[in-house]
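Before anything else, here is the set of structures, which you'll find just below.
Here chain A shows up in two complexes: once beside chain B, once beside chain C.
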Partner chain A sequence: MKVEGKRHIWKEYQKDIADDKYWYARSCIRQNFFPGSETAFLRILRNELGKDIFDSQCHTSCTGIGYHCDIVPFETTMTVVARQFSLMSEKGYKNYAASCITSFGLYTEILETWESHPHLLEKTRDNLYKSTGRTFEIPEDLAHTSDIIFKFRKEIFEKRKHSLINIQTGKPLRGVEHIGCHYAKMFPHKGVGGAEYPQVLAGMIEDWGGEVVDYPERRHCCGFGFRQYVVKANRGYSVANSHKKFESMEPFKPDFILTNCPGCPMFLDRWQYFIAETEGKTYGENGLGIPVLTYEELAGIVLGYDPWELGLQMHQVSIEPLLDKLGYEYDKSGKYKALDGTNLGKPENPTNLKITC
Partner chain B sequence: MRENIGSLYERLMTDIHMQEGLNACINCGTCTAICPAAMFYKYDPREIAIIVSSRDDKKIEELLKSDTIWACGECMSCKTRCPRGNAPGLIIIALRTLSEETGFFAESEKGRQLLAIKRMIGHSILDTGYCVWFDHLDLELFPEQGPNWQWIRNNNSSVLDKVGANYRKNSAGALRTIPKEDLDELKKIFEVTGGLKRYDIIEEYSRKKAAEMGLQFDDTNECEYFQHVFAYNSNNLENE
Partner chain C sequence: MSKKVVVIGAGPAGMETSTYLANFGFDVDLIEKENQVGGKLNHWDRLFPSMRKGDEVKEFLRKGNKFSNINLLLNTEIENVEQIDNKFIIATNNNKIQADAVVIATGFEIFDATKKEEYGYGIYDNVITSKDLELLFRQNKKIVRADGKPVKRVGIVHCVGSRDEKAGNIYCSKVCCVTGVKQAIEIHEANPDSEIYCFYMDLRMFGMQYEELYKKAQEEHGVQFIRGRLSEAAESLDGSVIVKVEDTLSGRPLKMSVDLLVLLVGFVPSQGTTKMGNLFGVSFNPNRFLEYSDEHTGTGLTNVPGVFLAGTCSAPRTLTNTILDARSTAMRVAGYLNAWETEKR
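And then the complex of A and B:
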């Protein structure tokens, strides 16, 4: 296909993303496993880009994990989401920024449901009023936080301390991207690039100097599967799907995996540890794993943030090999220290998965 | 009109997920080709669409009592690829809802797991405001979290402070304490919209099933029935 033709198709998959005044909805999973990424997101938005973003103490889980684990009825979930919108409305904000992909997919599903079945919107308004006395406005704009980093990727790059270049070879670092299923598989027109030409993460890698590596199972689910991970008896499903992806990307020798879903980076990180310990198989160089990053962590690396304030010490797969390829200057000994410099001791080393520290 | 149109099918069709998920299926099997669950389980979303489309209550009841409907991971990959815009993942949500309302979920190994999910995720939502909460994520329940996670848990406040979290504090931020008045509103929503009723149904049918299976049952996660449904896997659903 001619380049012009591709550009024409690409135009159909653009998405409007508000450029300021966001109301921030945190992710349950990310707060537990990648809290540094949410800290970095707010730091980038406020300090680097000068944006107004409201961080609420009062919002709760959207119940999305419960809904997709089939223990929370849709009517309940719709009303909880309506309450989040009410919290936003009362603060005078109209642009909803969701940190979680499950939430983003759920908000999208609910907004589409209300549009095509208006009686359910009215029912939800009644339910919310009856239970809390609250009213709400529908957001003017709904974005996932990776949409927002994508929107400002060039501005972020202008403030860079590092490009995604291997300083030893002078070549672009090779990244594979993994987009959370609920970002665009359900409602492709709500994602940057849709489900067919997803660009939200690839655009960051390319515009920050790296190279996106295609691989056969690029669009395959990480294997969370909600109940398939929560219940121990089902976790074979979860690790089998991640394993399928690792085997598929391994021949392309990626320097890192970039993700935008709360669960995916945790599963792709932890299942590498599990596969190493149970099968003796590792996917990185010299017995290491492939570092798995959130998009805020990658943005923070480009901006030269302290890796331990970003939370890279919370990964099971060591991140230092990637930092070393970038020629990153950082305090290696700070990995296992508290803010006041207290040494916290080191984690136990896995048997097979090599750790750098 | 088929003779055996029955109440289960009619109840199913009142679910918005059915109205959005199944229209004029052509049985092409694209959903099965793309499905992560079908790769590792004896599970065929195309077959699910065929059975539901048959409107045969006997077959639908068998489905509601089976392990099959619990194989789906609700990733919704099927939605993207279906040439008719259908989504077996949405059909599954409707089937699971009906299986819970009728108590049929307790008849299958995978369905019985709902008790563990309700007590882990369900209780966490109402007690903390989070689907999952740091203090509950121990290596006994989640051993694959690995030694680094154990180190984080051992040094919780120190590690979480360093990355800018607000663990257990009374202001905005990651892992903050969500105020009681907000949790009260959440509980009231669950009460008004049927969320608490769903929880009660799961408990009620699980208690009956535990008695039938001769497994000790109480309201703790240490009871025999919880431990059984959380960890037991017959491998019946897995592909050879």
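And then the complex of A and C:
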């Protein structure tokens, strides 16, 4: 592998990312899957970096899941997205920060559509006004929230409590990155580093002291694929996709998987449990799984946040072995306590997938 | 006093055009920006379909120039052009030349394979281009993996940067199909235990003996031809290259590991071709090559009287067709300078 070849491509795919005053659009599903991630993002932006970010309580789904499942027409989707932009406009913000990869891809698709087909923009303005009485401005800047963490990765590292180094060996931790399909595969120039060798997560791992491991099925879908999972009869395809990735990355012995999409960490985490319990196969060391992290969780770990405030107890694959490699100091007994200290109860142990708690 | 023709580019087209123009009695300056003649022929080892050495053809072209008393100007680049009446005043980095006619023979470049990012050229150790492979043949080097291990399985990808709208090149580069067949045979000759797989869209074996070469590759060398375009390549732990292809004849996806992946890179106009087109005001065709005045009757001619084209600056061509085109263009120049009635049609 010639790393300089990748860096050459990265130079071709750099984009402007606003450096302050964001309007935040949350994901529909992230708060259920990994509820600490979005909170961590806001904490990092506001408390660590001193940025102005508006967390709207009024926005809706972008309709992305319905759109990609062919149950929401594009015209409807454009009107709903226009309403999100309207909410941003009325608060005086111009920089749209999408927490969800599918939303980011959809907003990008819509903005490109409006640019190349201005009559659809006018029709959308008309539809929104007739249905809600609202008007809107097109964002000056559209970024996925992983773009924003990427942009400030060096500032975050300056405030670090931990580098991505294995304190027992002194070597960089090995991370595999998994980029959401809708991040750059449709519009490569809208993603940091492009579609084939994205830099957005690789840049975080490298600049936080770790080592990126490139494995053959890196580009493959995590298995969410919307209709692969949403249509119940197709769920075999979903686990087959994840299985293909695990088998491919296993020989490289990664310490963790880093993701930037709402669905990917969910499926890469939970399907490890499923495969272990149905096939008896585990992919980490000594019967453990490979920990799967969101980029906000990894940033929070670098910054030394309480792992349970980050929501790492919500992961199926135990996160503690990774924290131990980092020499992390934390209260192991707090794993199943709510923020107010009440005991949430301990889940049953799986049969095959080893967990630590 | 004989009329002066400046031929720009001393590749096969420029060399052969010059030879015939000098034999027609014109005073010929052959300008070359490099320090040697031969152009892309200098990078090629053996030629399809006969497998003769490329250097033999270069020697033939060079002899023509030698016998014809051509004024060869190496290390010379054109910087500016002025046209006064029917004369071209050409300023180079070394001198100024006044010409009655100009032949652009600035040829092609190979497609930059790094643009097909999904194939990993410049990133994966064992992904090379057909040009890289040809250099290995020329230097009599062993065909091995980057780590020196022997190659047991080789993949050859056709149409890299050709017939590819995503790459911006919708045209066929004409020579890649048969080059792939030739190189597959050569790899197998050098490594008789190797398995070779060619991934193609169509096999365009249009020239005499091309089909025979294709048959020989299959029957004598066991080369497997799989119809399907590569979707991606990736590097495995041992450095081999894992390729994903749809086998469109069986209708099934295919995934396999190869020790070496060869990308058959197509033609794009050279920087010199683009520069000369702009300097002389020659129009470009939709594929960014220089345009003949008429695709059937105006070959060699351009929209600018007195400016002619020879070889691959106007389209991808085989070496045989490049030499044919060069001779044809020499005749068009002679017709123009001698004011033949046939040229007034």
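Assume the second predicted complex is superposed on the first by the 347 of 357 C-alpha atoms of A that agree within 3 Å, B and C clash if a C-alpha of one lies under 4 Å from a C-alpha of the other, contacts with A are read in each partner's own complex, and residues count from 1 in each chain.
Operating definition for what follows: a contact is a pair of C-beta atoms (placed from the backbone, for glycine too) under 8 Å apart; a residue touches a chain by one contact, two chains touch by 3 or more.
Bear in mind the structure is a predicted one, so any value in this text is a computation, not a measurement.
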First (chain B), second (chain C), both or neither touched by A:F157: neither
Contacts of A:Y197 with chain B and chain C, given as first, second, both or neither: second
First, second, both or neither for A:R218, with chain B first and chain C second: second
Partner chain in contact with A:R227 - chain B first, chain C second, else both or neither: first
Comparing the two partners chain B and chain C, which touches a greater set of residues in chain A: B
Chain B versus chain C as contact partner of A:Y328, first or second or both or neither: neither
Touching partner for A:P251 - first (chain B), second (chain C), both, neither: second
Interface residues of chain A shared between complexes with chain B and chain C: 195, 219
Parts of chain A lying in touch with chain C, wherever the complex brings them together: 1-2, 5-6, 8-9, 194-197, 214-219, 251-252
Complex contact set, residues of chain B against chain A: 16-17, 20, 36-37, 39-41, 70-77, 79-80, 87, 93, 96-97, 100, 110, 113-114, 116-118, 120-122, 125, 129-134, 137, 141, 144-152, 155, 158-165, 170-176, 178-179, 182-183, 185-186, 188-195, 198-199, 202, 229-233, 238
Chain A residues within the chain B interface of the complex: 26, 28-32, 35-36, 38-39, 43, 55-61, 63-66, 68-76, 78-80, 83, 105, 113, 117, 120, 127-128, 130-132, 134, 181-182, 184-186, 188, 195, 219-221, 223-228, 230-237, 239-241, 244, 270-271, 273-274, 308-311, 313-316, 336-339, 342, 344-350
Touching residues on chain C, where the partner in the complex is chain A: 114, 117-118, 120, 122-125, 232, 234-237, 242
